[in-house]
Structures are given as structure tokens and as C-alpha cells.
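Quick one: this structure, given as C-alpha cells, is what I'll be asking you about.
Should a chain be cited, it is by its letter among A, B and C, assigned in written order, with residues numbered from 1 in that chain.
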């Protein structure tokens, strides 16, 4: 809206502007209606004040038929929203090439007319929840892979090479199998009445869960948080396990023997002597898994429900369903920032050169 | 392997407890992959055991249905070109990186590896906007370049690993015997780093063959790769043909894994690493 | 040196592969995008196959009504979809945001007055009338639901429900089930309180909803027994009944009527071919032919006499099915779609 923007460039923002600004608005909207831009203008303003889009398009449609002024009355007659200072302030803000709006909005914040930054209304407040959800799921998956992976790495590292190599194949095969294939496998196994449900039934887990009252009847696992975490843990397990394993392999068994021979109980010797030496591997594996988890998109989309989508999923829907590129980019920036910080930590702590494959 | 004879009772419990635990974890790792394969031979469209009968109808569908076949073909072409390009670029980058006199080495390495770490959806959005400007959306070169960016880090890592244990005196020996640098490269360096290159190439192949997010963003409507076909298949309509496709991919990745393992052992033997 | 030359040659070969100009997709083929499943199949059999037989080449693609994708394509100047089958809100929004071409009826050589609803939109030609209905499996529910109220009645019909992952129709149904007369739905939905009321009603069944995204999923959910009832586009359920022999029953109460349209993507390089195809597919006998494959009503008045009388009662426009039907308000959705979609996505994620 070139004319309007020029007209309100010096506007002080205290009262609704005068007739000239409205005349400019009318001219702009008429032009926009001809070139099919009205909806786009409305769309941009709508991000800040919901409902503004329909008001812009309706005004543009109606003003097209109005030939002469006074414009202020005509425009306000179509919709009283034009008689609000906030509407004009939004137009002025939106006219700038740079705006903090998108970045604020993905943190559930917005800028008031007065310039102060406040929280958005409750029903639009979702992004902080999604950020926490993403971090929470990533943390949980990292923890699970560590709990599951550490003992396996320990055993692989202490077994004779020959048998260790055979067991290692069992770890490497899923590592090599495509993420999509493994997600596919889970989404099929987790169907209602599918293999996992059957297995739970046969092993009596379903019965047990019914008994303690966690469950009523057969479980429905597909499209749940449980499935998402399960599948992600499965996919990430080798990423946590392998770095721990490669560190453990370098630990000489003579340290443990020395501790034992000096009288330490096994658990104590293990805790005081062996464990600390594995920490670099634990840090490397967990950081890598955590970083990779943050960006998960496919697995939550396919085996999770709508409440299990993580940031990447919302980037996709902002991009492909809402057509809000600004928001997609802002969410991307948040995700990228989180990743890069952790990547930096990883690089300092572990060293990127130490990254190994297989 | 039994617990050592001097072990205390609690140690024996810990010893066997650990074995059972590890067994269960390994089962968890491998079971989903193994469980999916028999389902692909199911004669009915259910996804549960016991199966009413066996048939090859889903494989038949996979190998005769035009959609799956053209997807498979496109994926193979794409993965092949990506492998070629990323192996070349990645190897050259690794050769440059191991030179001792390179300034900013760590930073360059971190940047080179970043596509592996940065969420693909972010790279994909960036590529979408960038390729739009270059008119490369929906083109094969666009897809190849996108996948090359994602696959090259794997080559850099594997080749760098091979080079780090590479004895540089061999190069000097070659040069002192009068060989030109290029001659030394092809006769001395290349054969020694070849295993690293090949395993990097295999990683690159798998990366491209598996990738769906970048494809979703930058491919044209008729450019349906195998993962894209599977993705929309699961999202919209689970057909048992997907289990057949998944099984085929599992077999391929198993073969690639065996290839990489053999190479790694051969290379360690050659370089005398113990 | 011999090796080096070889290497250079290989590199040059590699480079030349990339130099090969634009794409494999170039050529005279027309990319037509539609909603997949049984609907795309009906279009394939009724239009694409005869059109291809006449020496053309149609490439099919699928989408789920994402205007954003069309817009991205136009703005990025990378139009790969030529003809798009849109529903009315998608079409109006695409039109208003400059993502679709304005239709030149003279160029089509068709009589606009013969097409029901044609005056509603500048950017598209109506092709079918469809109804959003809901259905259930008679082999699992002997005493099935009969009215829209039953869809929201968890006490009478416990179990999961399938709904389209889109605010459209769901919000209207929620209000109607909550007691709003269907004639006033958009008046109520136009107010913030009305929107809150609709979401509150949906909240009562939220945890039992299985969301479907592509039209083909709805009959699939029902067939797999994942849901006891599901909303669907009437043709999808009818095809499952007729072609696959499924024991489904359609509940026509408060069906939401809407059109599907042929639209042309803005700045497509295949403008002429697109017009040629649409003119071809809009002939009365062609449209009547489509009803053999899916139970949607043709928009061309001249097509009606050509329809098999056995199919007529299954069409959404059959008098029996129209009793409580209401029409989707496309202008409302074009204006408010974005913000309701955003609210809907937020609601889903909570």
C-alpha cells in the first residue's frame, strides 16, 4: 500500500489519521483489488490482528464501488475497525522491511502499539509449549538411549573381539537401515491390533496394565507420544551407543584389576575407576543424539499424533499449509540457534574430527 | 562366557543380569527390522501375526507397478550421481584438510560437517528459496546438488579418518624416487585411501537413497523418489506394498553394511592398524 | 599423465551431465493435480485416458488442498502444476492471492450459463458437486447413527471418529450439533465467541478423533475398523461400497455441499494446453461419464440427462439427500480460512 504508507510515515500514532490518509487507503485498496493484492495485504496484517484479513478484503471489495469522498466516513462506514488507532499502527509497523514480529510470535510474544512487548492471548499461545515439547522429547529419548545403550557398549567392549564383532553387527544393521524404513516398520508394528499390541497381549503386559488400572482394554498405541518416543529411541540408540563403545574399547582392563586388587568392591571400583573414563564417550553420544533429536520431523509425523509434532513439524505446516513463510523462517531460526549452540559445545568438548561412522 | 570362578554371588548376578539386559536391548534393536520382513509375504492386507497365508503379491506389485518402479529408478539415478559428486568433492576436501599448514582448519571442518548436524528441514527451506532464484526447483541437477550437500560430510569424515593414519613418508618416498605429485597421488595415495573413499561413497549413496525431506521441498510433482513414495504411502494409505519396499531396502542396506565392514577390515590390515 | 587425462575426461563427463538443460520433465506433458485416491482414479478413467488416447500426455500429481504450495510455486516462479482441481475455498483464496489464472470463457468455447455455480469464481470452472458426509460400517454397527448429533454423542456411540484434518466443515458441524441452525452457522462462526463455541464442542470428542489428511484415508480407516464412523467426501464412501463391496452406510444428515473446480496455475508455461484439457473434460458426455466411476454430481446441466438413472440417488444432489444439506460458504473460508487454520493447528497441538 504505497500511498497509505507514505501518508502515515510521519503520523504520530496518537489519534486516527485524517482524511488524506483515508483517501490514500481507498486508492491503495482500489488498486489492490484490481491486481488481486488485497488478500495478501490482509493476510500480512492478519498475522498481527486476527480477523483483519477479512476486513481488508471486504473493504477492498466495497470501496471499489465508491466513486468519491469523503473517504474517511466511507471507509469507516464499511468497517469501524478503520477507526481504531491499533489498525493504523499495525499498518505502519508492517510497512517496514524488517520486523521483529515473526520471531516474537514464535516465542508467543507480540509488540503492542506502544512498543512494549507482551505475551499473546492464551488460545494463540502454542510455540513455547512446542519448544518445551521438542526439548522434552529429545531429552527423554537421549536418556533412554543412554540407559539402554551404555550396558550394551560395556559388554561389547569387554567381550573377546570375535564375539563382539558378531554382536556389533546387530547394532550396525539398524544403524544402516534407512530412517524411513525403520519408521515405516514401527508405524506398521504399532497399528491398533498390530504386532506390538499382540505381543503385549501374549506376554501378559496388557493384562498387567489393566490390572493396575493404567489401561482399559486393549492399548491403542499408534499416533501417540509413547510410539513417537519408542521409535525415536530405536532410531537414535546406535548414535548414542557407538561413541561410548569406541571410548570404552580404549580403556585398559588393567585399571579395574588394579582397583580390585587394592581391595575395592566391584561396584565401587566400577563407579570410581571405570565410569569416569567413559564420560567423554557418554558426552559425545548423548550430545549427538540430542542434537539430532531436535530436528526430528518424519518420525513424529508418521507414528505420532498431532500433539507429538516437534518444531520441525510446525515449520513444515507453516510453510506448506498456512503459507506463512515468515513464521516458518522464524521457527527455523529458533531451531537452528539451538542446534548450533549444541554443535559448538560438541565441537569444543568432543572435537568434530573425532566423529566416527560405523 | 561364564562368570569368573572367583566372582562373588552378587557379581554372578550382575554378570548374568547384564547379559540378559543386553540381549533384550539387542532384540529391541533388531526385532522391528526382522518383524517387518515376514509381513511382506502376507497374502492378506493385514499387518498382524499369525498370517493367513503366504504370497509374493506385494513384491509383484512393487516390481511391476509403474509408480514404484519409476520411483526406484529415479532414486537409483539420483543416489548414483550424488555418490559420484560427493565422493569427488569430499575426498578433495579431506585431502586439503589434512595438510598441516591449513589455517582455520577446525572451522572449515565444522562448516563442512554441519549439513549432517543441522536439521534437514532447515537446509531444505534454505534450498527451496535459493533454488527458486536459480530456477532449479524440480530439476534433477537441483536434487543432485541438494543431496550432495547432505552427503559430502560423510565422505569427508571417512576419508579424513583414513588419511589420519596415513604414513606421509610414503609420499615423500615416492617423490624422492622422481615421481610427479599427480603420479604419487594416483599410485601411492589413492590406493591407500580407496577403502575410506568407498565406504564414504556407500554412506553417500545411502544418505541420498534414504532422504525425503529435501525432496519434499524441492522436487517437482513428477519427481517421486522411493522414500517420497513411501512417505506419502504411510501418511495417506498404508498398503502392504510398503512392507515389500521396506524389505527390499533392508536387504540392500544389509549388503552395503557387509561391504563396508569388509572394506574396513581390509583397510586396517593394509595399513597395519591393530 | 595418462591417468590425469582420464580423470579430467571423467570430470568433464560428469560436468556435462549437469549441463544438460533444464529437466527431464520438460516436453508437452500437462501436469494435473488432484485429490488422490478414488477421485483421481475417476478422473483418470473419465478424462485423462481418453485425452491421452488423443495424443496428449497427462502427468498426475496429488495434493490435499494446500493453497500455500500453489502460492509458493507461483512466487518462486517455478510452476510445475498446470491444472489444479480445487475446492471452492482453495480456489477463491488462490484467486484472491493471485496464484490462479483468470478464466477466459471465450477461449474455452463453453457456455458459462450451463455451469451451475460458475458465476461464483473468476479463476475456475466448476466440475463437480460433492458432499461432505459421514459414514459407518453396518457390519460393526447394526443400529448406526442417523443424525449429525450422533457424531458428537460419545455415550450413544462410543469409539473413535475419523475427521478431516482441516477446520472446514468440522467447525460448522460442531456448531450445528451444538444447536445452531445450519442457516445461521456462518453468522455465528464469524464472531470470536462462535469460534470458541465450535472448538469447545470439538473438545468434547477431541481425544477420540483420528485425523485423516487425504480423502482416500477416510474409507480406509472405516475398513480397518480404526474408527466407528468417519467424515468423508460422499464419492469416496460410495466407491468403497460399489467397487470394493464394503458394507458402509452414508449418513446424509447435514451434508456440506461444495463444488470442485478446474483451475489453472498463474504463469504456467502450458496455458494453451491447460485450456484445451479443461474444455475437453467439461463436455457434457465427459462429465456424465465420470459419474460411472464416482458418485459426484456434474456441474454441467447438459450432463444430467446422460447419467445412468441407477447412479442418481447416490449423488449429493439427489432430492432425498438434500433435505438437511447446507452449502459451504466459500467467501467466508477464503476470508477467514488462514486464521481459522492457524487456530485449528494450535488447538490440535495443545
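Methods note: a residue touches a chain if its C-beta (ideal position, glycine included) is under 8 Å from a C-beta of that chain, and two chains touch if they have at least 3 such contacts.
As the structure is a prediction and not an experimental result, all values here were calculated from the model.
Visitor: Please state whether A-B or A-C has more C-beta contact pairs across its interface.
Guide: Pair with the higher count of C-beta contacts: A-B.
Visitor: Let me check something: if the centre of a chain is the mean of its CA atoms, which chain is farthest from chain B?
Guide: So the farthest one, by centre of C-alpha atoms, is C.
Visitor: Could you tell me which chain's Cα centre is nearest to the average position of every protein Cα atom shown?
Guide: Centroid comparison flags A as closest.
Visitor: Once you find the CA centre of chain B and the CA centre of chain C, what distance in Å lies between them?
Guide: The mean C-alpha positions of chain B and chain C differ by 38 Å.
Visitor: Compute the distance, rounded to whole Å, between the mean C-alpha positions of chain A and chain B.
Guide: Using C-alpha averages as centres, the distance is 25 Å.
Visitor: Distance from the CA centroid of chain A to that of chain C, rounded to the nearest Å?
Guide: The separation of the two C-alpha centroids amounts to 29 Å.
Visitor: What residues in chain A touch two or more of the other chains?
Guide: Residues 193, 319 of chain A each touch two or more of the other chains.
Visitor: Residues touching two or more other chains, restricted to chain C: which are they?
Guide: Each of 72 in chain C touches at least two other chains.
Visitor: For chain B, jot down the residues that touch at least 2 other chains.
Guide: Correct list: 235, 238.
Visitor: For a test of understanding, state which residues of chain C touch chain B in their complex under the given definition.
Guide: Residues of chain C touching chain B: 1, 3-4, 11, 14, 17-18, 22-25, 31, 33, 36-37, 59, 61-62, 72, 75-78, 80-81, 213-214, 216-217, 220.
Visitor: Using the touch definition from the top, list the residues of chain C that touch chain A in their complex.
Guide: Touching chain A: residues 66-69, 71-72, 93, 95-98, 165, 192, 196, 210-211, 224-226, 334-336, 338-339, 341-343, 345-350 of chain C.
Visitor: With touch defined as at the start, can you tell me which chain B residues reach chain C in the complex?
Guide: For chain B paired with chain C, touching residues are 81, 84-85, 88, 128-129, 131-132, 135, 137-141, 144, 182, 186, 220-223, 232, 235-238.
Visitor: Tell me, which parts of chain A touch chain C in their complex?
Guide: Residues 35-40, 42-43, 46, 50-51, 53-54, 57-58, 123-124, 126, 129-130, 192-193, 223, 306-307, 309, 314, 317, 319-325 of chain A touch chain C in their complex.
Visitor: Along chain A, where are the residues that touch chain B in the complex?
Guide: On the chain A side, the touching residues are 148-149, 151-152, 154-155, 159-160, 163, 167, 169-174, 176-189, 191, 193-195, 198, 234, 237-238, 266, 291-292, 294-295, 297-298, 301-302, 312, 315-316, 319, 328-329, 332, 335-336, 339-340, 343, 346-347, 352-353, 355-358.
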